[in-house]
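Sharing a structure with you now.
Chain naming follows the written order as A, B, C and D, and within any one chain the residues start at number 1.
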């Protein structure tokens, strides 16, 4: 296998994280926000795995697994909410319109 | 076995019961409106019994502390539940109970909107007040100090009159803000004590032995002073008082004027003058000046009010000026005068607020121009009103005069000019009191006045009791003067600059 | 030598950018799949084959399918595309972009530069992970299961109200 | 015997408590009987005490200490009574005159619905007055002092339906309150100096020289201020005429016989102190002189019967202060006694008249009343004679003669360089006597002689007539206890009140006595010429109102009248009151404005702050995320920079 340098992994993770962050901040559609979030989670997972590889420890991949579980449940719940909102007359899925504490 | 914790806890426990009782009745559909009222009456009667027992117990020390209770609370921080009672606390608790009984008899039954909650808040305020009068652990004191504030805030904000939200907010911000200053002072004192002795404690008597630099003691004293000054109230920070008194429901007005203001005076005696005697004596000229300003300013503004409760509220400012003047005159005489004045003012002004509240219940107005003469329709109410108005103008032979005279005497010894200025307040007192009398009680009946009912006999009996108390205070204040003085850290020791543990 | 890492890393970044900027949801999902696949490549190159496999199976497989289903149910069309375009005006990018750049810069500036260990990469295989997972981190696994359960219940609940309240 | 002393006070107090506790169940007539009975009992108790006193069964002064009022380091006060000749005289005046007036009031107030309240206040007044009289501690005296003021207030404003009445009541209370505060300051000054306000101890301290002159003069002046306000002397005089708004028995009891003389009593009681404070004495004499002249002039131009009597009271009190000022406190006290009798008589007569002429008080609208009410006319004439001090046959003559002779000899020292001349004061007092005779006989002639203008109705009831008779009797004969040495060597009163002051009656020129005797007769004669003859100079209703009739062209009084008519102090008092309220209102406004401004500023700062906060808390997820990132960035930056 070709090795992937640790520093490069960190650089990649930071860039990925920033891109995801920009996505979360800039997109108003909830679906895109969820996707961006997933990107950010992946960036975090990448750092874990890279660190695990760097120090030869399985804990990094364990953490990656946990992130995976987190991402799965987050996406599930998020998508359920999106569906719910869509069914309740918010077809635009605009995150900015949900700022009032009303249904 | 000390009864002090029972004395403190009983009202709030009773309040919970009153609340639950009200809830249960709503739930079962048996709508008995005054169930919580009955519970409150029972609680207050029990409390009175407790207090009678407490009063009859032999004192722990002759002429000193009467009772003591100690229970560790947060040992790591040196915080304990420490309650001590001396003559001053006992008299003020009697005053509180008497006024609370009067409130319950006169006005709380009229509360129909969630009466259970009302009584719960009312009784928990009482717990806070009694706790304040008893606590000798500074942390506990602060706890009770805040405890009496919050229910009162809700009482004003929820059951008050037209502009209640604003008044309640004002009251809350003023008292809360100043309370935080006091907390700072308490913490400062505790930390200084810790640095000196290595013992972390909030115990009043231990902290009293802390050696302080002049600047430090002045700063700490000012922290306490501001908190108490807001409660008392002293003139620049009295702004909350007229609004709160005016907008509060009758019960809250009575408790505010009759008792809550006294916690300020009590705190000044116990936690200002006796804890920091040197700083207090250095601060005395300023405090006395503020007292005189309060006397004149309060009386002066009182002369121009049309709202009956506002008039009484400003007169309270004036009377409390005498208390401040007496406390800081630096002598026993002034202190005794201030205590007598506190008791007498509690009774007379509390009764005036009761009467004002009753008038509002009947005539639905607080505007003296709208009320008109009540003597023809309600001679009993008006007679009582005239009596208490006369008491508040400082008629010799009634309680207020005894206090004012002693304060003036003590002031005269310090500075005749100040005494003359304070005495000038008595002329203004006559002006506002008689304006009140001649616009509300002894005045032509307003055309088109609705028929109203006078006080029934049992309420009149209670008012009569208060009148007798005012007369006794005025004509025979000696027992109170010897009984109701603060114990332990005695003034003489304080005056000579040395401190003595109990 | 560095072709494969560069390629996979670059693909990851490009895919992520496309996800963030693409106005069409289905396209975005596809770009996301690309990103994830290339990321799996990176992971594999880091010696974490197990993680790479999971990334493909669970992320690119399961979660993305979920996205696709939802997007299908949302029934998006031309108006939505226009709205997305309108929302993605350049002005909307200023603040978020700035924040992201700042955050990225700070991250990069703050990251320690560590040298790679000498010698070849020792892969950490599923066995190691499993031992660790059910040894040291068994409690965490339980917690994760709670999380998944909670997510399941939540999704079910929300979906149920969706059905009952048309 | 000592136990009887508190009883004197207890009777009326008990009546008050019963009347007020009954809460209207005791109606007017029974309340009146109860009150009268209580005062009568009080009088009887006083009589028993006096008898014991005369027979030597009681040695005076009789001290009864009831209880200790307050005790603080360096001061103590007691509730204590003392009986000595001076207070016995005052008890006699208060209870006997009070009893007669109460009796009269049963009839006078019979129809009034609030008469129970009236009698409650009246007995409370008698109790307070007795406390004032009996107290042996100045602080205890102060209870009575303020108590009578309060009762005066309640009774002046008794008919509260008219705002004018309550305003008059308040005015009376305010003005006396100012004096009371001055007095309180005097008490404080003395209390600080001597640690007690016991009168005996205080006078002892004065004679023993324990007080510094400054304290003595200062406290004397302050007490004098209190007394002047209570007695409605210049500059406090304006409340008394207004106080006539109260029921007539009130005017008779409080504003003629007793309360207004409380100041005289106080000063007589403390004559030892004042003797040591010469400037206070001189000021007292000067104020007394000024007051008696100004008030007499004012009385001369009033048209309201009760106001004439009120001004006359002020004027007669001026005589008393003049006497006190020259050190003749016995004379002042004697005049107090006789004045209480004849002024009460005059007021009660006025009340009887007013009640029968449909509450008309203007003397120009009365006339010829002697044909309808001969008894009242006789009583009024006796009272007028006593007031004018017609020689030999009236009590007023003897007391006024005593004052005049004392003034002749007196030399009040204001400062060592400035000594008031006793002869000059005597001349003024004599002129005052002339004016007195003039104004009171003006009343007599206008009201009882000439043509009828108002026809009286009804008849005077016996409960009202009996007191008139008794008081008329007293007005004639009470003077016999003390006579000038040239007429008869009878000095019972002086011996009684001041056994030590025997050297009080040196021989003086006979023409002094003659002048004092002729002046009132002359005054009455002038009054007959101006108002009394069949073709009188003036008996029409004056057009100008305000009480001036065309006496003015006859008498060269235009200037004085002009001064008194405008009643300058009254204007000043009104202006002060107006200023008080105006400043109060201004302070209110300023306070509101300041608060408003402060609130605005706070609100503005708050608003500005809120804008930022609101931006942050807009509920939009993306914004929150942004803030999180910003926070992250900040935290990272901080971590890296530090």
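Points worth noting:
In the analysis below, a residue touches a chain if its C-beta (ideal position, glycine included) is under 8 Å from a C-beta of that chain, and two chains touch if they have at least 3 such contacts.
The shown structure was predicted, so the numbers you read here are calculated from the model rather than taken from an experiment.
Here A-C and B-D were compared by C-beta pairs in contact; the pair with more is A-C. Put simply, the chain closest to the centre of the protein, by Cα centroids, is B.
Subunit A and subunit C have CA centres that are 5 Å apart.
Centres computed as Cα averages put subunit B at a distance of 38 Å from subunit D.
The geometric centre of subunit C is 100 Å away from that of subunit D, both derived from CA atoms. The geometric centre of subunit B is 66 Å away from that of subunit C, both derived from CA atoms.
For subunit C, the set of residues that touch two or more other chains comprises 95-96, 99-100, 103, 107.
With touch defined as above, residues shared between interfaces to two or more other chains in subunit A number as follows: 21, 24-26, 28. Residue positions 626, 629 of subunit D each touch two or more of the other chains. In summary, the structure contains touching chain pairs A-C, A-D, B-D, C-D. For subunit C in complex with subunit A, the touching residues are 1, 4-5, 9, 12-13, 16-17, 19-20, 25, 28-29, 32, 35-36, 39, 42-48, 50-51, 54-55, 58-59, 62-63, 66-67, 70-71, 73-74, 80, 83-84, 87-88, 92-93, 95-97, 99-101, 103-104, 107-108, 111, 113-114, 116-117, 120-124, 128-129, 131-133, 136-137, 140, 144, 147-148, 150-152, 154-155, 158-159, 161-162, 165-166.
Those residues of subunit D that touch subunit C in the shared complex are 626, 629-630, 632-633, 636-637, 639-640.
On the subunit D side of its complex with subunit B, the touching residues are 20, 23-24, 67-75, 79, 139, 142-143, 145-147, 150, 153-154, 157, 160-163, 166-167, 169-170, 173-174, 177-178, 180-181, 184-185, 188-189, 191-192, 580-581, 583-585, 587-588, 591, 595. For subunit A in complex with subunit C, the residues that touch the partner chain are 1-12, 14-29, 31-32, 34-36, 38-39, 42, 45-46, 49-50, 52-54, 56-62, 64-66, 68-77, 79-84, 86-88, 91-93.
On the side of subunit A, the complex with subunit D involves touching residues 21, 24-26, 28, 33, 95-96, 98-101.
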